[in-house]
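After this come two complexes, each holding subunit A, first together with subunit B and then together with subunit C.
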Partner chain A sequence: MKRKLTGFAALAALAIMAQAGTAAAQDCAVKVGVVYPTSIDWGKPIAATALWVTDMINEAGGIDGCKFEAVLRDDQSDPKVGVDAAKALVDLDKVQLLLGTVASGVTIPMLTSVTAPAGVMQMSCCSSSNRLTQIAAEGTTKGLWFRTFATSNVQASVAAILARDSGYKTISILYKNDDWGQDIAKLAAAAFEAAGVTVVGSTAITDGQPSYRAEVTEALGAKADAVYMAIYPKEGISVVREWLSLGGTQNIIGTNSLKSDEFKEAVGMRYLANFQGTDTSTPRTDSATAFVDAYTAQFGAAPSGPGLPNSFDAAAIALLAYAAAGKDAKGADIAAKVPMVTDPAGEKIGGTVEGFTKALALLKEGKSVSYQGGTGAVVFDANGDVSAPAVAWAFGDSGIEEKRYIPLEEVGAFMDSMAK
Partner chain B sequence: MIQNLVDGILTGSIYSLAAIGMTMVMHMLRFANFSYAELLGIGGYAALVFDRLFAALVPALGVAIEPLTLTWALVLAMLVAMVITGASAVLFDWLVFKRIRAKADALSMVFASFGVALIVRNVITLIFGHKAELYSQDIAFAVVLSRDPMLLVKPDQIFTLVAALVLMLAFHLVLTRTTFGYALRAVAENPNLSQVSGVRLSSMVTAVWMIGGGLSAAAGVFYAMTNHLSPVMGHNFVLPVFAATIVGGIGSVYGAVLGGFIVGIASGLALMVLPSGYTPAMPFVIILAVLLVRPHGLFGEDRDA
Partner chain C sequence: MIGLISYIAFFATMAGIMAIAVLGLNLQWGNTGLFNGGVVAFFGMGAYGTMILGGRPEAEQFGGFELPFLIAFAGGILAAGLMAWVVGKLTLRLRHDYLAIATFGVAIAFESVTRNAEWLTGGAKGLRGFPRPFEAAIGDGFTYGLVFLALVLAVLIVVYVGLERLVRAPYGRVLRAIREDEVAARSLGKDPARMRLQAFIIGSMIMGAAGGLYVTFYAFVSPQDMAPILTFQLWAMLIVGGAGNNRGAVLGAFLIWGAWTLSGFALARYAPASMQLYAGSVQYILIGLVIVGMLLWRPQGLVPERIGKTFNDRAAKAPTNTGAHQA
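And now, the complex of A and B:
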């Protein structure tokens, strides 16, 4: 046993020496922390994508003649492990930029207890919790927090756009009684009010109940022009049939959770003529297609897992901003350069080695660029949140039909108007 | 207020129907049967099969009886389903509960009933799939009974309420006016003494399962008529039906009827005072409240006394 331990120690020492060796070789390597759940199957490609971007940017010129050195650590989607990883990166590797992570439950403690207090910038590919928006709005993150994943706010905003465009004056909300439902119901209520649609009632639907008559009666009492349903098909069938039979309006706006043939068949096509659904969408831009092609060429398979274009864009934007800020920049300096990379007025650059080369040159000259990535032209709001394009859909005879594509700009403009 | 009250009564009638059989089975066989509510699912799905079959064989039966969505095919199917469900309840007893009764205690019966519930639910899923099924694709629109205060009722609901009350009345007459009814009550009161008096216990147990199964099947069909069929419908009924049984007092048929209405009405009215997210807790609150005041339920008797 003792010998084994000595063996380990020797190995560890060797490893440290080897690391020191590489560090010495590229004298001025700039370390960047990357924390993703690499021990989980869907986490691995997210991390690989971030490392791939690092290589591409190094190939495009790196930072002030130096290379970025991505230090990858696994968070196992566990808050304790994630915080330890972030602490090690910030305290020992002295990184000023940290990419990560996926689960909001891990990202939040990393952000609030490690990176933000240390003044390190953090950008995540995939955390969707609305709690992060609140934390940013409270000022805890000091503007050091960004993410390239749209929150439920996008769907809520689109519902409000649809309600406004349909001329509804009042709306009643029925929502699933869980984290997601409560979150989106709250967001939607704010969005409807911003769009000039009065919310006259909000009723929770708890799943597994034998009857929803009481809940539906309650919601009906408000006599709204339309109803917003953030529920799942299972209880949705009961609720909607009850709703319609009691004379509720057929003007229904539903979330993407109701995108289900079972729901359509059980409720009946003829009652769903005025149903409008919402969903987020991948952007219909050349840059999104280019990402898919480039990813397929790099990894030999199409990007099918969650968060891959988001991981690509998070790494690209963060590293370009870092390069623009210079190798001695602190977290706040990097964060300050992010708007230069995502400036809609800037020159459009793509997520390729050529694009990055051009971007690095322009940024050095003090000019801003508009990065066009796997999730389109990314723009962050004051809380580091992004918007995403959305689609409105409806039930058709052949299944689910897309009715309208709402580009990023329109969603973004609405969300800006809400913030005011 | 009036609307919530009426809704509560309509929902409550289904709970009552299911609770009658439950209270008898619990009292006579002395165990909490968690698989009992699955009989609603069996009844509902059996009626679905025969409804389709009858409507296909005799198309004239498949026409809805205005203003209901109910068809004659479904009426016949319901009667068949009541027999089938009663028979399957007897079958479960013969296959599982009777054997366990012979050698183990009540707790083993409770666990066995969980197992039976799981099996029934999954067999239904296996045959019919997870998706919701309906007797009629039409949505029966509610009729406005009064505008101020607003009162909306579906014709189907009135029908299910009347039919449930008729079934309860019929059962009441059987219990009070027939020798069979006396025997049934005697067994419920004291199994040993009734055996001494010449009542055959085993045939009474079979009868209780048949009656309970039949009434549950009717409750299942009535529920599916006003809502929809899904493999978990029985599961969703476990708690309200248990609540109705306990509130009424285990063993009391009239208590079960009253308990069903109390649970239904209380769940309906709860929304007026509680946020909608908390109303599913209502049946438990009722159980606690009743047991604190009357530990044996409203009509229950102290067994040990």
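And now, the complex of A and C:
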């Protein structure tokens, strides 16, 4: 009897929730699904940024006189939980647009088993796996998939350009042992070879080890001119300390993940004179600083975690495209409007309430705009990937200094030369 | 309405898959007293085995043999059984917490292998593109969801009925005898080591079957799926449902997975806007409270084991005690 009651209660609860869903829809709110790992410390600000953008766009006029209503779900970085959240958003809340998520292992099943089959557009801030490019290239995603995270190919190419221009002949690679790290290590190895720099070793660095002596010793054995580090600051600090104490070269090229004051201070400036970093560019426009200022004003602290400008841009581009497509649009209609928001020939608009107001007005007239966001003037390719210009940076006494700006054309030319 | 049905079917499919794995765990822990702390490894072996045998070929990647679903599925189950045999041979001499730690280590090692053996498992980027069985005939979407649910429920019923018969048979009594007092069981001429290994392998194969269904459903598997949280979730299901009782195991799977997902859904809908960012953390607290509450107030689970009752019933039906022994 008790069991029957429990089952009945669960069903009743579901029914009531479905009822509440229809009731909420009547007061003119357009629901948008947001799935980010809010129960994880670095996931919370990513989600907060997406909600903040939603509020700004609502303030700027919303969609056809209605407001966007962001329905936030936590994916716990667990594929089962993320896919369930996506399924509930698509089936019960009837969203046509879903923002999320971070871990590629969660994003991919969400995309392939929920959003793409249902014709819902999905845009992620931070999923980095090149598996996503492959899936999109195969056509499984039906053009409904986008991400504002620049794929690692840009950074890998820039690292090769830097190594070549510094005259290194051989290089050793140390990479973080996850999808991002394995991916960038492979791309970088190909890029180095294309630039005439021989890769003499490639060593995986797994998180949370008490010591990296074994890995570092192995990498040192190759006696390379330089070392390429695609690792995060926490492991990076131990690895670089071991590396230098065992007599490793100070010719280091690092990825944007090492762009941290903590790393600089823990290693020490005097060992980092020959350190060169790579990053996809913060744009030449003022939009990046505008993002930092706006974020600081909103949350009382500068954006410091990973993926925040990406989350901002993902939400802004997706919601502007939704507004342009109208409140009855389906996922494919929204996806079709994305190029109108990121048209390089369009009028430049920034990521502020004024910018969004202007963008909404122009989009309603059928004119395209060029959105200038936290990660720059984002443009998507056919697979929903971002192509971006790049920068080389170094550690200076005052913090992180930008050394060189490598425009999209130069990065593109190098990547083309690799393909040949 | 279609949306609601579609979601419930999806939910039931996931819960059903986990219920199958919990049944496997119930055979190991509930009936035989083997503390398997590495459930996710056997689940994962079934998953990767099925995917490698049945998936599509890919450049620089072992596997992708495109075998028919049933063969790939059976292969995944066998792979899980094979691993259980090796692991069991090595670790089953250990008792309780020692066995738990050893099997937990196996799960961590397994996750490490899937993350690093890129040629075999695709590494961190995972394996994808399993052609879902009969997808061409049924079509993608709503109907497919229902058909897949039917498949999962069919497997669940087969496993349930099979286990019910197994544990009611003399075989099940020996398992419970070993669980309660191994020395006594041995003194009656039983071979506890062999029985424990058998139960461990059968249970692990059932977990492997759940893993095989899981990858078939998602058409994707990555090391992200191999996190220890799955072991914890399945254990929570068994404890809440009632260890030693197959009905409890199934009920626990549906209830805990329901609580896990419904709490997120309800919080997203009803928590005030200012709280939305913390809903994920609140959800963890709620789930933890349910489990702790169960352990404190109903440690035997919602549907406790009921050996005593069936035994007494049979004893009452039997003409005499000696008669019961002979039967």
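Throughout what follows, the second predicted complex is superposed on the first by the 239 of 420 C-alpha atoms of A that agree within 3 Å, B and C clash if a C-alpha of one lies under 4 Å from a C-alpha of the other, contacts with A are read in each partner's own complex, and residues count from 1 in each chain.
Please note the rule applied: contacts are C-beta pairs under 8 Å (C-beta built on N, C-alpha and C of every residue); 3 or more make two chains touch, one makes a residue touch a chain.
This is a predicted model, so every value here is computed, not measured.
In the superposed model, A:58 lies in contact with neither subunit B nor subunit C.
By the touch criterion stated above, A:80 is placed in contact with subunit C alone, subunit B being left untouched. In the superposed model, A:221 makes contact with subunit B only, not with subunit C. Look at A:109: by the touch rule set out above, it reaches subunit C but stays clear of subunit B.
Between subunit B and subunit C, the partner in contact with more residues of subunit A is C. Shared-chain residue A:177: touches subunit B and subunit C both.
By the document's definition of touching, neither partner reaches A:122: not subunit B, not subunit C.
Legend: residue contacts after superposition of the two complexes on their common chain; A:266 is shown touching subunit B, with no touch to subunit C.
Within the superposed three-chain model, A:245 lies in touch with subunit B and out of touch with subunit C [touch as defined at top]. With both structures placed on the common chain, the touch criterion links A:131 to subunit C but leaves subunit B unconnected. The residues of subunit A shared by its contacts with subunit B and with subunit C are 177, 204. Across the complex, subunit B meets subunit A through its residues 3-4, 7-8, 10-11, 14, 131-132, 134, 137-142, 144, 150, 152, 154, 223, 227-228, 230, 232-233, 235-237, 240, 267-268, 270-271, 275-277, 279-280.
Contacts from subunit A toward subunit C in the complex involve residues 2-3, 6, 10, 13-14, 17-18, 20-21, 37-40, 43-44, 47-48, 51, 71-74, 76-81, 83-85, 87-88, 90-92, 94, 103-106, 108-109, 112-113, 117-118, 129-131, 135, 177-183, 204.
Interface residues of subunit A facing subunit B in the complex, by the touch rule stated above, are 177, 203-206, 208-211, 213-215, 217-218, 220-221, 234, 237-238, 241-242, 244-247, 262, 265-266, 268, 271. Note for the complex: subunit C touches subunit A at residues 3-4, 6-8, 10-11, 14, 115-116, 118, 123-126, 128, 140-141, 217-220, 222-225, 227, 229-230, 251, 255, 258, 260-262, 264-266, 268-269, 276-281, 283-284, 302-303.
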